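Labels run A, B, C, D, E and F following the written order; every chain starts at residue 1.
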Amino acid sequence: MRILLEKLMINYPYFVAVILFTIGALTVLTRSNLFKKLIGINIMESAIFLMFIAGGNIRGGAVPILDEANPKPLYINPVPSALMLTGIVVSVSVTAFALALIVRLYQSYGTTDARRIAEMRNEVTEG
Amino acid sequence: MTATITANLPVFVVIAPLFVAFVLPTFARRMRLVESLVVAIEAIGLVGAGYLASIVLMQKGIPIIYSLGGWSAPWGIELEVGSLGAFFLLVVAAVSLPVALFARGNLTEEVGGKERVTRFYVLYLLLNGALAGMAVTNDLFNIFVLVEVATLSCCGLVSARNHPRAAEAAFTYLILATLGSALVLGGIGFLYIITGHLNMGFASQELGRIWQDYPHVVWMAASFMLVGFGVKSALFPLHVWLPDAHSTAPSPASAILSGLAVKGYLICLLKVLYIVFGHTLMQEFAMHRILVLLGMIAIIAGSLFALAQDELKRRLAFSTVAQVGYIILGLGLVNMKGLTGTLFYLASHAVIKSSLFLAAGAIIAATGKHRISELAGIGRKMPVTMAVFTVGSLGLVGIPLFSGFIGKWYLLLGSLDAGHILAAAVIIIGSVLCAAYLFPIIRVAYFEPVPEENWQDPGMPQKIALILLAVGVVILGVAPGPFLELASRAAIELLVIK
Amino acid sequence: MRLRNLLFLLMALLAAYVILIAVAELPPYGMPDNPVHNQVSERYITGALEDAGVLNMVTAIVLDYRAYDTMFETIVLFTAALAVVVTLKTAERKGGGK
Amino acid sequence: MLDLILALLSGAVGGLIIAMMPRASSRLRNTIALIFSVTGMAFSWRVAQLVFAGESIRIAGEIGGLSWSLEPDPLGAVFGLIASTLWLFATIYSFGYMANEKKQRTYYTFLLMSFSVTLGVAFSGNLVALYLFYELLTFATYPLVIHERSLEAMKAGAKYIIYSLSGAGAILIAIVVTYGWAGNLDFAGGPILASGGIRPGLSLLLALFVGGFGVKAAIMPLHRWLPAAMVAPTPVSALLHAVAVVYSGVYGILRVVYSVFGHELMGQLGLSYVLPWVAAFTILVGVTIATQQDVLKRRLAYHTISQLSYILLGAFTLQPWGLAGAMLHMISYSTLKITLFFGAGIIAKQTGETKVSKMGGVGWQLPKTMAAFGIASLGMIGMLPLNTFWSKYYLMKGSVAGGRWPLALVLIGSGVINAFCFIPTVVAAFTGERGKPTAERGAEVSLMLAPTVLLAGIALLIGLWPGLVWPGVQAVVNWFF
Amino acid sequence: MSILYFTATDYRIMVLLLILVAASLALYFIKDLLHAVIVYGAYSLTMALIWLQMNTPDLAITEAAAGICMTVLMMVVIFRTSRREE
Amino acid sequence: MRDFILKRVAALILPFICMYGLYVIFHGHVSPGGSFAGGIIVGLSFIAFATIYGLEKGRAKLPETVLNWTESYGTLWYGIMGMVGIVKGAPFLANKLAGVSLGAPGALSSGGLISLIGLGVGIRVASTMVTLFFTMMEEEP
């Protein structure tokens, strides 16, 4: 346990990423409001982004933009940032689509609560 | 010109449907043109996939490598059309053509006006391109992006049906699928952080060198991948979104979702497990046992759930859950016969399940009845549709001379080679349960009094599509030659990688 | 419902613990000799100017080395926009003209 | 070669032709059915003749890496002979029995289809083909079982399908294991597993095979579908559930014992000491339950279960005499059982009685029928002038030769119980008021009566002159020993 | 552990990460949706700052823009649907 | 919303926000930022315009047909840029290999096709954002 904590101190961004991931997953699974689920998804994705970027970061490294006047000795790894740009676009797209679905569901059921929607659907099917 | 096209075919089969998809929204008003364009591009895709498959077959195991942008493997993204890629490309093209043909002029009831139908087609083509991309890509992050395109277009296809329940199903699907893709991305992140490579081949080499240093990370990456793709492909305890989504979607969408989209994620899982981790690492971490166990549970549970359903499309949707179990089980039998069986079963289930869903869609469109108990005597009124449904059912149960049998045969051989007697028993029990939930439909359709209503078979393009799929089921069962050849080659290639 | 949430919480904590064990094993954060910084990122850093002619290496990767991914990224956005429109525009556009 | 193809195809082609003609008159339909039954029979006789003459006929092919072959050997030829000959009688009987029924087209279509499939089972040359036809047989006969379309029939059909498919599944696993161990599945080159010698799991494999085929052969714990399936029309019950379908199960077990394992390997397995007793148990319990049944067709069904195990008993003795007895019983029992069923059908059709307890005096109304019924009942006991005497004789001889003389006692005991089973019925039928044989008039009855009486006559003939069928039996025994 | 040394950037990142965790916990517990969206905007801006500290300005700009965009869209939808309720 | 001061201030600021977005798009390859962020900023400027001046005026600025076309052909533009490589005999999406002049390092016109692709992506991201906003605002519940 102590060794685990020590290692987690070194790898603290990963540690926080896991915590964020867990909170996000809990939000998705336990909150019944559709907005909350959506926010939870976003938190989860940003936790993953954090892990990626932390993986590519170097202490004391430079921003990965060439400066020909005074070249830096150490640049950070640019690959994770490039990948996560794509990841952010994906999460924006998912959010937009989910919001559209929320609007649609609100038009049909008049609520944005997943539990109440399920109840109403059951009533509709029975009736 | 021809040489250029041939040389660039691996990328053309992916981007051709996408290009058509981009221009399609601008002439939404001309429905005929849109429909013909979609069918034409699917046909061209089939020709291209067939050509690639024939090249791969002729080259005997040497894959076609295509470096995008001219950057070779560790730096750029690489497409690889090996036996596996060609096999899945062929499956995608062969199933999506009849489904597109079936959709012709049949969507207005379920989807809406011309513009909505056009957008439906655009989403359909995007899904198609993403699946083709999954078949040929050899890059981990590219898989994630393709999976996202596929997920979003799948959800779009589900929500295209103008019905509140469709929106609800799409929302659940979207949330859970995004959760799954977050997990997949996390798995990719673990792999990237410890190997430094995104190309599957290089990542695999690096992993083989360093995995002893990071045993937990490797295990965690594998389980992230398994759970992530498992959510997307409705592996049993994670299947909760599938029945709603697949039963409320418009019929061609259900066919393509159950038939192909789920298979696309499974192919991705297969690539990650067998190419990146490799079979030695899988066995080292006992992943194959977990896969077999999950597959067995999925087969039994999915079939039992399917038995309990009275709604036709829901029963078919739960049957997909059970059939995914077979494929997962086959992935766990780390031997040549088991993998061949899994791949062949994947193809045969793609064809069968899309034919079943299309037939169900035709029945529902003609009669307006969703429940199995209300379909008495439909076989007399809609002979072609019901005949196709019967062929599909026989294939799914695994009767000899239909495609499911050969897949199951190889799965059985593989499971006995791997020493899983219980798995073999579960495969058989699954078939019996499958008969138990599919044959009542046929019995009700043929052997119960014929109703008064004037129900009819669908129009000509729909009929052709259904018959094409049924012929596919029979051909795969009687003369699976090149398909089986490709599948077994792919299995060999996957097993000798490390 | 309460019970279910508690169950989820316990499961999440368990999962978090398991992931933490894996995460603690990752190469130490921020070290220049981590396996991530291999010949691939080396090539991107040193060759971006020569290969792609741009100063920003991230842009070089996004739009040149891995441009295929970015194409699919824009397609994701396209798909999302289309899906939003499909979901919300239930009625046909009024009037005939474009 | 051509004879084999024609024998196999005649039923299927006839069925298709009938299916294609929805508006045909019943006379035309009957004619077509008759023609194709006759051709099917003729060509399977011809095939049998060629096989007994020692010629080898072989058709083979491949489906997805699985090779199948059709190659009749003496055992298959004998089964083909029995099936095709009795099919003709059953078809003729159907012309009378089904004359006023509905859905005749479906009935004849599937009757002829199942003819083809049964011959396919008989003539299959390896396990793959056997499995294929065995599976198809379930589907070809399913519409015949649920011909009534009543709730009871549907339930029976569902039971039939589920039992059969589960059995077929067990067989499939067993075939896969066999394939994995031996690498080939052909019957022609001697017992498949013999070369591998004894190995662990072999008993389990045998149990899978016997369990799988035992479903259709109605071995005792797996028999429940058979009484339920008696809701089918009488010719179907008679032909399929007393002969063709159940014989395909029995045939499968014979195949497994003598072609897959071989009697030498079987003898070394511990299970081979148990199986005869399973058969003996089924014989005794089946016939005992049969005496308790009041509905005649159910009584016949349980009696079938019992009698099928005679054949299995003979097979499990692993002795030449036992096999000879099994083959003789296969031939003789089928003629008698069909006679009994046909008689029951005539009684039910002409007087409306299905229960044994109410059949007093029926004999005076249907003297010829009851005479044939009586002869067949005597045959079931194993009386001398009838063919079953010989089969029982050889069965006993086989069991004594195998050192298991208690089995002979079982056979004698079951003969006694058999007497209790049917003789009282026949006696009761001829008591009571002496009526006039009015019920036995008319074209339809004579169409039903003719095959019944003819079959009783054949049984008598074989009993008096067993040399008539002995060459076939001899050929089978020589083939395997 | 000899490699356990933290620079000033590390401390800044730690503080920002703590804010991030606090914001995400708040997002779990806040009932009022409008407040939740505002906190979400703060969350993504913090994220952008972390990217900046981690030497990835491209990502920081994109995250900021995307965060604003998402917040705006969420607000629109909240105003149009169920304002202030969970 | 119809506040006079707000409108005046917006009229002053919004063009600069839009210009800033375009700047970010154009300078993606020499400085931080990129087409995606720039596109969102441009889109946000239009969204702010529509929020302040009302939806009808926003619609009048950017009609649905225009958005439709930019979106479709903006995505196609990427593919066309990729096809340049194929036409020149190089693989799909090739830049340097296709023989495009990369220009002087650090200059605005450097990077060959990169800036062209970036422009297309930026414009279509902007139009997507505006479409999303309009679609969500417009539909009456």
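In this text, contacts are C-beta pairs under 8 Å (C-beta built on N, C-alpha and C of every residue); 3 or more make two chains touch, one makes a residue touch a chain.
Just so you know, these numbers come straight off a predicted model, no measurement behind them.
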Next item on the list: Enumerate, in label order, the chains that touch chain C and chain F alike.
Entry: A, B, E
Next item on the list: Measure off the straight-line distance from the CA centroid of chain E to the CA centroid of chain F, and report it in whole Å.
Entry: 25
Margin query: Using mean CA coordinates as chain centres, what's the gap between chain B and chain E in Å?
Written below: 37
Notebook entry, point to check: Taking each chain's centre as the mean of its CA atoms, how far is chain A from chain E in angstrom?
Noted result: 10
Check: Going by the touch rule set out above, which residues of chain F reach two or more other chains?
Finding: 30-32, 34, 36, 71, 75, 79, 82, 92-93, 95-96, 105-106, 132, 135-136, 139, 141
Item checked: Sequence positions of chain C contacting 2 or more other chains -> 19, 21, 23, 25-26, 28, 30-31, 34, 36-37, 40-41, 44, 49, 51, 55-56, 58-60, 62, 64, 66-70, 73-81, 83-85, 87-90, 93, 98
Next item on the list: Note the residues in chain B that touch 2 or more other chains, in rising order.
Entry: 18, 22, 25, 68-69, 141, 145, 148, 152, 155-156, 159, 167, 170, 192-193
Note to self: For this structure, enumerate the chain pairs that meet the touch criterion.
What the structure shows: A-B, A-C, A-E, A-F, B-C, B-D, B-F, C-E, C-F, E-F
Checklist line | Contact set on chain D toward chain B in their complex | finding: 63-66, 128, 131-132, 135-136, 139, 143, 146, 149, 154, 157-158, 161-162, 165-166, 169-170, 172-173, 176-177, 179-180
Check: For the complex, which residues does chain C have touching chain F?
Finding: 49, 51-56, 58-60, 62-64, 67-68, 70-71, 74-75, 77-78, 80-81, 84-85, 88-90, 93, 98
Margin query: Residue numbers of chain B touching chain F in their complex, please.
Written below: 4, 8, 11, 15, 18-19, 22-26, 66-70
Next item on the list: Using the touch rule from the top, collect the residues of chain F that touch chain C in their complex.
Entry: 28-32, 34-35, 64-65, 71, 74-75, 78-79, 82, 92-93, 95-96, 102-103, 105-106, 110-112, 114, 117-118, 121, 124-125, 128, 131-132, 135-136, 139
Item checked: Footprint of chain C on chain B - complex, ascending -> 18, 22, 25, 29, 68-69, 71, 74-77, 112-116, 119-120, 122-123, 126, 129-130, 133, 139, 141-142, 145-146, 148-149, 152-153, 155-156, 159-160, 162, 167, 170, 190, 192-197, 206, 210, 214-217, 219-220
